[in-house]
Amino acid sequence: MRATRRGAVGAILLALAVVAAACGSGDDSDSGSGDNSSGTTGTTEAKPAIVIGSAAFSENEMLANMYGAVLADAGYAVTYKLKLGAREVIQPALEDGQIDFLPEYAGNYLSYLDKTVGSLSVEETVTRLRAILKPKKISVLDPSDATDADAIAVTKDFATENNLKTISDLKKVTTPLTLGGPSECETRVTCKLGLEQVYGLKIGFKPLDADGPLTRAALDKGDIQLARVFTADADLKTKGYVVLEDDLHFQQAGNITPVIRTDKLDDEAEALINKVSAALTTDKLIDLNKSVQVDKEDPKAAAEAFLKAEGLL
Amino acid sequence: MGFLGDVFTWFTTAANWRGNGGIAHRLGEHIGMSAAATLTAFAIALPLGLILGHTGKAALLAVNVSNVGRAIPSFAILVFGSQLFGIGAKPAYLALVALAIPPIVTNAYTGIRQVDRDAVEAARGMGMGEARVLFRVELPVAVPLVMAGVRTAGVQVVATAGLAAVVAWGGLGRFIIDGLAQGDRVQLFGGAVLIAVLSILTELGLGLLQRVLTPAGLRLRPQAQRRVSVLPGAAAALEVS
Amino acid sequence: MGTSGPLLGANGPDSWIWWDWVGRHGDALYTAGREHVILTFWAVAVGLAIALPLGVAAWKWRRLQPLVLGVTGAIYTVPSIALFALLVPVTGLGRTTAELGLVGYTLLILIRNVVAGLDGVPEDVREAARGMGLTPTGTLVRVELPLALPAIVAGVRIATVTVIGLVTVTALIGQGGFGQLIYDGLLRDFRTPLVLGTVLSVALAAAADVGLVLLERVLTPWSRSRAGAS
């Protein structure tokens, strides 16, 4: 009897030890191909490990997988920390080295770093970004032509009733206006603050999500009249939303601009990343968003399919 | 001034209390929602648990439903609620009711079951109808366990209502979710303190209610009370404290 | 509104599970499961390592009890998302933050049950041990703790199931295990990962609970002869 009990205890402890050992080899999250060998270049140095982060919306997750797939394929040890949250959460992590790479958006990123900057051209935006980020040891790579910027949308009915084409037209509306968007929209000059400061609008705010199902449901229901959406959304037309023109230019350049910690950047990585950015166009981005958001394709699978089609993988 | 100083300032700035997003409104929303959800759950779960306990039916289900309920992540319950019922207060309310029902059912059931069977038989022997047996004999003895279930449910509802901000509801969780997204640790901390305090007050308040409702003869001495909570299996199912 | 994607076309946006999605995502489910198990295991293990000495201390020295239970109780009342979010600036966006918070939540449950278990040891058994010449430490290790085992394991069961649920909340700070699937379901309005993440999380909790019940049976063979024991 005693021996059986001891044996059972031993077996259970062994099982627990196996679980604990599994922990020891575990990474924080998904790895890419994870291989550290650098067979193609023939160097004896291992390539740096790159931690790729993403914000908590599917387009950014897809882009993170896209750049990561290309780097992993070239032998970099890529790991992912995805869906981390708003820029306000992720930026500190990039600055102190918890993550190395982010697929950013030039204008919004600049506005986050320098709240006083107005709406600039993409070249000017990138120049300023580089100036601000250089002392923080973060490199800004080439901006893509593909853009995804913040935009304000209303339902078709609301636009027709109030004869709205531009954001300035909203000043004519007499009924109270509420804007719906992610929590961080409330304090951003690229969002609610900008609408108030640049257009002089008085609007209420409802924190929902980053242009996700909650915001759309609220817009459809009439809980909000204005929704903060993304210009590269796949279903703005199909859902019957009208994007109001930003006639006073408070929105930023939405070019996709990867940023990476300088000590993780080598020439090969730079070339690979820039090639991906060059291959992206706004239309292709919208197609990718359709497959991920509407058709519920995996962000990773959609990214890899795109890369294969472009001959990059 | 320090972080805690900033938090103190946040609490003492009048503007932070006003308006739809102010502390007063969010606090009211949170208390209202928690109370409504817990009371609704009570109204549904108590009769169910009492009847099952009295008749002894569906024992396996009744005893284990609170374990199953506890195992379902509240995050998932809220997201399911928004998938089924859209956005706003209604899905949060329904999700919280669903969350609060299991502990009350299990505790009501077990509370009735552990009543001395001899006392029940004696009551029947005296000619009491089933309803009178339930309400005059069984229920008073079951009060401590029933109330323990209500306390568990109430505190859980207050805590989970804090998470409901993730599915577009308001309440005190707004300060936490918005504070996190805006990088505003002061707001985040303030919200956390508010929910924690509300949780403690709920636990204390319902504990007081339990003492008031427990018949005098049943108020066990602390020593004996602790022994009750050691019953293996019962401790896991009942969370008597 | 055309449907052109292969999965959507075959399944429809409102259906609760797309079985072909499940088939294709075996390794994502496995990775999420592994992360969930690891987070849970370490949280409960570390929690127990802290709770045992603290619980014994709180039991031996009554005056400590209000302090110990008060502090761990206070942690328990802080809503989980807030605790994790407050730790992020301190310990970063990694597993450590999640573990710290999760360990915090196990403490009240475990300590309460350690104390209750030790309280439940009959005085005459303690007398007998003293009579046999055991030192206080000897009594603790060889008599009192083993007799308190059912209550302690009951506490570990509750703590484990609680932690498994709380792990899903850590998805909001980049961790999450099965919570990542639930979060994905929320962000993309996609029911399949939502359902799977929930079902698997519950299944894990059930499996852990059953496993711990078996562990308790093995560790306390003497309780099997007592009628009515768990």
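Each chain carries a letter (A, B and C) given by its place in the written order, and its residues are counted from 1.
In this text, contacts are C-beta pairs under 8 Å (C-beta built on N, C-alpha and C of every residue); 3 or more make two chains touch, one makes a residue touch a chain.
The structure displayed is predicted, hence computed values, not measured ones.
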Between chain A and chain C, the fewest touch steps amount to 1
Ranked by contact pairs, first place goes to B-C
Per the C-alpha centroid definition, the whole-Å distance linking chain A and chain C comes out as 33
Per the C-alpha means, the centres of chain B and chain C lie apart by a whole-Å value of 20
For the pair chain A and chain B, the C-alpha centroid-to-centroid distance in angstrom is 38
Multi-partner residues in chain A (2 or more other chains touched) are 85, 89, 92, 209
Within chain B, the set of residues that touch 2 or more other chains is 82, 167, 177, 180
Touching at least 2 other chains, the residues of chain C are 88-89, 171-172, 183, 186, 189
Within the complex, chain A is touched by chain B residues 20-21, 82, 86-88, 165, 167-168, 174, 177-178, 180-184
The residues of chain C that touch chain A in their complex are 1, 3-8, 13, 18, 21, 24-25, 28, 31, 34-35, 37-38, 41-42, 45, 88-89, 92-95, 171-175, 180, 183-184, 186-190, 192, 215, 218-219, 221
In the complex, the residues of chain B that touch chain C are 67-68, 70-76, 79-80, 82-83, 155, 159, 162-163, 166-167, 173, 176-177, 179-180, 185, 188-189, 191-192, 195-196, 199-200, 203, 223, 226-227, 229-230, 232-236, 239, 241
Listed in rising order, the residues of chain C that touch chain B in the complex are 74, 77-83, 85-86, 88-89, 112-113, 115-117, 119-120, 150-151, 153-155, 157-158, 161-162, 164-169, 171-172, 178-179, 182-183, 185-186, 189, 191, 194, 197-198, 201-202, 205-206, 209, 216, 223, 229-230
Per the touch rule above, chain A residues touching chain B in the complex are 85-86, 88-89, 92, 182-184, 186-187, 204-209, 214, 217-218, 221, 223
